[in-house]
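In structure tokens below, several structures.
What follows is chain A paired twice: with chain B in the first complex and chain C in the second.
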Partner chain A sequence: MKDKIGKIIFDNIVTIIFVVLCLLGVVASKLPIFFITHQLLLRIARNSFLVLSLIIPVLAGMGLNFGIVVGAMAGQIALVFVTHMALQGYTLFTGVPGFFISVIICTPISILFGWITGLILNKTKGQEMITSMMLGFFANGLYQLLFLFLVGTLIPMKDPVLMISGGIGIKNVVDLNHSVRYAVDNIVKKPLPVLLFIIGILGLLLSIWLIYKLSKDQVYKKKIGNKPYTYVGISGLLIALGIYLNVSGSIFATIQVPISTYIVIVVLCIFNVLIVKTKLGQDFRTVGQNRHIAQVAGINVDKVRIISIIVSTVLAGWGQLIFLQNLGILNTYGSHEQAGMFAVAALLIGGASVSRATIGQGILGVALFHTLFIVSPQAGKNLFGNAQIGEYFRTFVAYGVIGVSLGLHAWKSLIVEKRKRSIG
Partner chain B sequence: MESKYILEMKNIKKDYFGNKVLKGINLKVEKGEIYALLGENGAGKSTLMNILFGMPVIHSTGGFEGEVCINGEKVNINSPQKAMELGIGMVHQEFMLIPGFNITENIKLNRETLKSNIFSKVLGESLKTLDTKDMEKDARVALDKLDMNIDEWARVAGLPVGYMQFIEIAREIDKLNVRVLVFDEPTAVLTESEADNLLDAMKKITDSGISIIFITHRLDEVMKVSNNITILRDGEMAATLKKEETNVMQLAELMVGRKIEGLTQKEESKEISSNQEIVLKTKNLRVGMPGEEVKGIDLEIYKGEIFGFGGLAGQGKIGIANGIMGLYPAIGEVYIENKLLKLESPIDALKNKLAFVSEDRRGVGLLLDESIDLNIAMTAMQVNDKFIYKFGFFTHKDSKGIRKHANEMIEKFDIRCTGPHQLTRRLSGGNQQKVCLARAITLEPNVLLVSEPTRGIDIGAKKLVLDVLKKLNAEFGMTIIITSSELGELRSICDRIAIITEGKLEGILRPGDSDVDFGLMMSGDYKKATRKEAN
Partner chain C sequence: MKGKVQALIKPIGIPRLIIVAFLGLLYVAAFFCKLPVNDLLNGHLVRVGMNGILVLAMVPAILSGIGPNFGIPVGIVCGLIGGLISIELDCYGANAFIVAALISIPLATVAGYLYGVLLNKVKGSEMMVGTYVGFSVVSLMCIAWLILPFTSMEIKWPIGRGLRTTISLAKRFDKILNAPFAIHIGKITIPTMLFVFFFAMCFVVWLFLNSKAGIAMKAVGQNSKFAIASGMNVDQNRMVSTILSTVLGAIGILVYAQSYGFFQLYTAPLMMAFAAVAAILIGGASSTNATIFHVILGTFLFQGLLVVALPVANVIVPKGNLSEVMRVVVQYGIILYALTKAGGGK
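Right, the complex of A and B next:
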């Protein structure tokens, strides 16, 4: 039993460290739980899609795709265009239709970007992570060239609101209030208990379906074990919590949650689950496990890798759209830069590694990462008497997390290796 | 028209840039027979099989001459896919299995059963869902054919090596149209009992009408199962024989083209008396080598003898040398000439004049991407400060000395290479082993530990390696400790042989002792049997 607990702690050491950090931060910040919950629900809706776009390349053995920055750029190009059109007075380019148009514009651009990224990563097999990171920096240069110089010169565009007063280049900040702010969030916005009900009921349906399958198939039972019953428990708890919040008239019941965004995220989760069960998904896994064997078995490895990167880039583009429609402000030269780094950090905190990442880890990671983000400035102020230190702490956390968790994973694999060799 | 032969390869010629590797080979494989293909490494077996498979390496180097007929019809095999369509399958020497997948997924690799769904109708074939149930059913059928009662959804990682081989085979026979199966040295990694199972399975497969081309080094296996035997030598057909017309000695002779001596016959072994000087002594040595655990060995090895460790795979014999050399965690005591050796410290072992040729040639034994000369000199530079100039705090390697020494070694061991600068990765198994030996000898050790010196190398190189060991022992009085899975080999050169069973010493035998004693010790029944007699 003691061994078992030790193993659980060891296997989840990264996540556990950050849970502890988060709890300490929550206490130190002295922020009301209500505020933190409210913020957190918003930020999970905002950021999850981006983080989940990282999963498929991990599956295909390409590590953490820092190249989603490129996808984010595609999203931003679409947003600048849509906002420009909205400012010209075309109401079609605002709200929900505006958002769909930006999706439509963003998709082919990110497919192209993803294809190029994939081609390059196929030339640097084994070093995908650092290559994709460098590629992001390089693409950033081209992106700046486009928006700082080409717009207004080669690309004829006149827009006093969006453009720098000289007539060349886009301004540092694009206000999305003109176009698609809250486009997705505002489709359906309901109080928190509704979200709990929906997740609870979905969970119940899933577990009922699983239990039904188990009752028919003994082999399946051995594979899955008692997981569905755990799901029933968790779903029940969520529903009970929802009812409690509603009945007790708690302040939490007043939190408005963008249900529609959550639905989009759930759809992406389902997509991620289903694609694994397809031929393409099996190819991803095969290539991820062993490129050579995949090749011998007749799988076109390069093609599969490119597809995985394209899917990831397109999802990242959409993810950035969802991110920005919620934020409301596009920081033309900054928003995309953080997208890759922060998404990777969040996924790692959730317990993922360069070779294994799941949806659950993604969501958990987003929650932990953003909790730390919410509380750290205030905690810094309370502890050190200076909010600046908290701000500093925030950036420090994001980059530190990547370093620490990659380090921890390396250390863990070392220990596992050692354990294997110890005298039994 | 139905031909008598399922596969014919007629007058196959192939050259790589003017270097003729195949000089007119003819193969005729009947339906449902086991056809053995013998030959030293480099005899052209792999090239011939690459042609049969339409491997890109053949077609990117100018194709080949001659024709290939399947069922009497001439076919043009220009890609592995085409070969698969024609029903040619291959069981690879190194496992083409994905450890993280379960057995079914491995058997059905890239041939998954699919069913369509709404998305696949719009977006195409690759989005079809896997039909897990159907796949598992097929896998079950294939496994049953081989008498494997393992769960088809068990993960491959952690299965014994023997099982993996069978999963490979299951994958091939699951291919519905398969007519010819090539087994490329399938028994190289198996224990004797596993190999026997495999041979049985091969017979069963041929009963269902599939023909097998069996490539191997083990002559006794060829004699056991095959119907026809073709021997290749330097790209030529040395002979094609029926099994009934030949014997092991003749095959071995044909293969190397020179007479083999001493490999199967026992020699007079040196007389060992207990008052001889002890060079290496272990006390309750335990080694944590995964799969080869040693659980307490007490031994005394005398100066100047050739000492062998034998036993079945996985019983711990490999772990002993690795433990003494400090490559795996170990407890207990090891004395070198009455001096206590620090365990888990390879450098201490080396400084005590031990040298080791690892069984893991490509993993531990060689720096694959370095040249032959550097590989030979590396450890001596590190341990003995050989081949090194010193300038105060700085050191510089003596490239000239290293090259000169390497050239000597290349000559001495007959290492077939383009020169001392060639990367060891490009060498064949036998030549790699010779490089390993050369490196160990460069250390000028008192005791040389050699693990599986002949694993995966052809019979000619085998003889040479064993001869070198004998010579070192005779000329320099070097104590040699050999660990080997091949009992015959141990009995041909050792003075004493320790049999290791379940991590413990079962007993020590002389090479001249009876086969019965060896057999009993290997199976761990020796002590039981002798105890009964004593009672």
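Right, the complex of A and C next:
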């Protein structure tokens, strides 16, 4: 028993450290819990999609795809176009239809970008992460070239609101109030208890389905164990909490949550689960476990890798659209830059590694990372009398956690390799 | 005749010749745009000496098989700390520079040792881990700059806590290497001491590479299994190269700062590694092979592109900052190119 607890702690050490860190930060910041919850629910809706777009390349053994920055750029290109059209007076390009149009524009662009990324990553097997990172920086240069110099010269565009006075280049800030701000968020917005109910009921349905499956399949039962019953418990707790909040008339019941955005995220989660069950998903896993065996088994490894990157890039493009429609402001030359790093850091904080990542880890990571984001400036101010310390601290955390988990992963795989060699 | 030309071209390589031709073209363009070519050339020469040592720091890391040292900010912050202490101790002139170097070298040795221990644990992923170690160190130092107990008014903000973002060296060792013995030929100034210092450092590294330790290091980099078989200690050799690289990074930033005239703290060192890596790669190095010649040529070409392209681009496209965008594209493009050339096997 003692060993088991030790193992659980060791395996989840990163997450545990961050839970402790977040709790300390919440206490030190002296921010009202109401404010933190409110912010957190917003930020989970805003960022989860981007983080979840990282999972498939991990499955395919390509590590953490820092190249989702490229997908984010595709999303932003679509948004600039849509906002431009909206400003021209086409009401079709505002609100929900506007958002759908930006999805439609974004998708082919990100497929193209993803395909190019995949081709490059196939040339640098084993160094995908550094390559995708450099590719992100490189693409950023091309992106600036596009929006600072080509728009207004090679690409004919006239828009006094969006463009720098002089007619060449897009302004630093694009106000999405003109077009798609809150397009997805505002479809259905309900108080917090409703969200708790929905998640609780979904959880119950999932666990009932799992239990039904377990009763039929003994092998599966061994693999899954008692997980469904835990799910039942958690779902029950969520529903109970929802009822309690509603009945007690707590202030938390007044928090308006963008249910529609959460539904989109749930749909993506289901997609991520289902794709693993398909032939393609199994190919991802095989390639991820061992490229050589996959090759021998007749899988076109290069093609599978390219597909995984394309899927990831497209999802990242959509994720950036969701992120920006909530933010309401597109920082033309900055919004995408941090997208990759923050998403990667969040996923790692949730307990994922370079070779293994799950949906749960993604969501948990977003929650922890953004709790830290919300509380750290205030905590820094209260503890050291300087809010900047808190801000630098969270940047340090983002970089540090990526560095540490990359290091740990490399170290572990080196040891595994050594063991293999000494046995063989 | 043809053979002779080929023999001449081969060590430089066709890509280099294209970049040299492009650089020449930029100078010609600058002349026709009625830009002060002599000023450009002056700036170019200074920038070569200014950045050269940071680029030189890549050589030992590449040769020992670690690959381009993306973690050079580790050395850079050590150099910055040394420089700040020399100001705190109220040193002036050449004294200040020497004190700064003497303080930062042991610091960089310790930091390089720790960094080397880490790199030995993550063989195969040094570039990625190095990048994030660099990022983490820079952001950790951001916190440190806010709370370190320096008292000199030149370093601190006049009100509030923390150190300034840029610290002027005007009273300390600004241009300490650039100014003395500068040779003026017409309107062109050659910063003699800067070049002497740069070439001296190159010579020291060259000497090291041809010493017994250096040759062992290269052997480790070329084939670590063979090196183990011949009884060499791979980890130790990699450690030496990491320490050397980190120390060069520390000296490099001091040379950079004396020429620039300022120390830049906080997030300024974050991206410096990439410029240095790009420079040596432009010079013809790969992620497994580099020479002193690559350093000198690469720094000359890369800095030349930056210095000359800026005004020329501004004349051709007066709006915006085209040259900055081109720098980003060239810098990361060349790194990306080198990564794809290195290949990852099947």
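As a working rule, the second predicted complex is superposed on the first by the 404 of 424 C-alpha atoms of A that agree within 3 Å, B and C clash if a C-alpha of one lies under 4 Å from a C-alpha of the other, contacts with A are read in each partner's own complex, and residues count from 1 in each chain.
What we mean here is this: a contact is a pair of C-beta atoms (placed from the backbone, for glycine too) under 8 Å apart; a residue touches a chain by one contact, two chains touch by 3 or more.
Not measured: the values here are computed from a predicted model.
**Student:** Which partner, once the models are overlaid, touches more of chain A's residues, chain C or chain B?
**Tutor:** Larger number of chain A residues touched: C.
**Student:** Using the superposition on chain A described above, determine whether A:290 touches chain B (first), chain C (second), both, or neither.
**Tutor:** A:290 sits against chain B, while chain C stays out of touch.
**Student:** What is the contact status of A:144 with respect to chain B (first) and chain C (second): first, second, both, or neither?
**Tutor:** Touch partner of A:144: chain C, not chain B.
**Student:** Quick check on the superposed pair: does A:299 touch chain B, chain C, both, or neither? Answer first, second, both or neither.
**Tutor:** first
**Student:** Between chain B and chain C, whom does A:389 touch in the aligned arrangement: first, second, both, or neither?
**Tutor:** second
**Student:** Is A:282 contacted by the first partner chain B, the second partner chain C, both or neither?
**Tutor:** In the superposition, A:282 contacts chain B only.
**Student:** Any idea which chain C residues touch chain A in the complex?
**Tutor:** Spelled out, the residues of chain C in touch with chain A are 70, 118, 121-125, 127-129, 131-133, 135-136, 138-140, 142-143, 146-147, 161-162, 274, 317, 319-322, 325-326, 328-329, 331-333, 335-336, 339-340, 342-346.
**Student:** Hey, which residues of chain A end up touching chain B in the complex?
**Tutor:** It is residues 219, 222-223, 274-275, 277-280, 282-283, 285-286, 289-290, 293-294, 296-299, 420-424 of chain A that touch chain B.
**Student:** Which residues of chain A touch chain C in the complex?
**Tutor:** 120, 123-127, 129-131, 133-135, 137-138, 140-142, 144-145, 148-149, 164, 166, 168-169, 291-292, 295, 384-386, 388-389, 392-393, 395-396, 399-400, 402-403, 406-407, 409-411, 413-414
**Student:** Okay, in this complex, where on chain B does chain A touch?
**Tutor:** Spelled out, the residues of chain B in touch with chain A are 80-81, 84, 92, 96-101, 105, 109-110, 112, 114, 120, 125-130, 136, 151, 153, 286-290, 293, 328-331.
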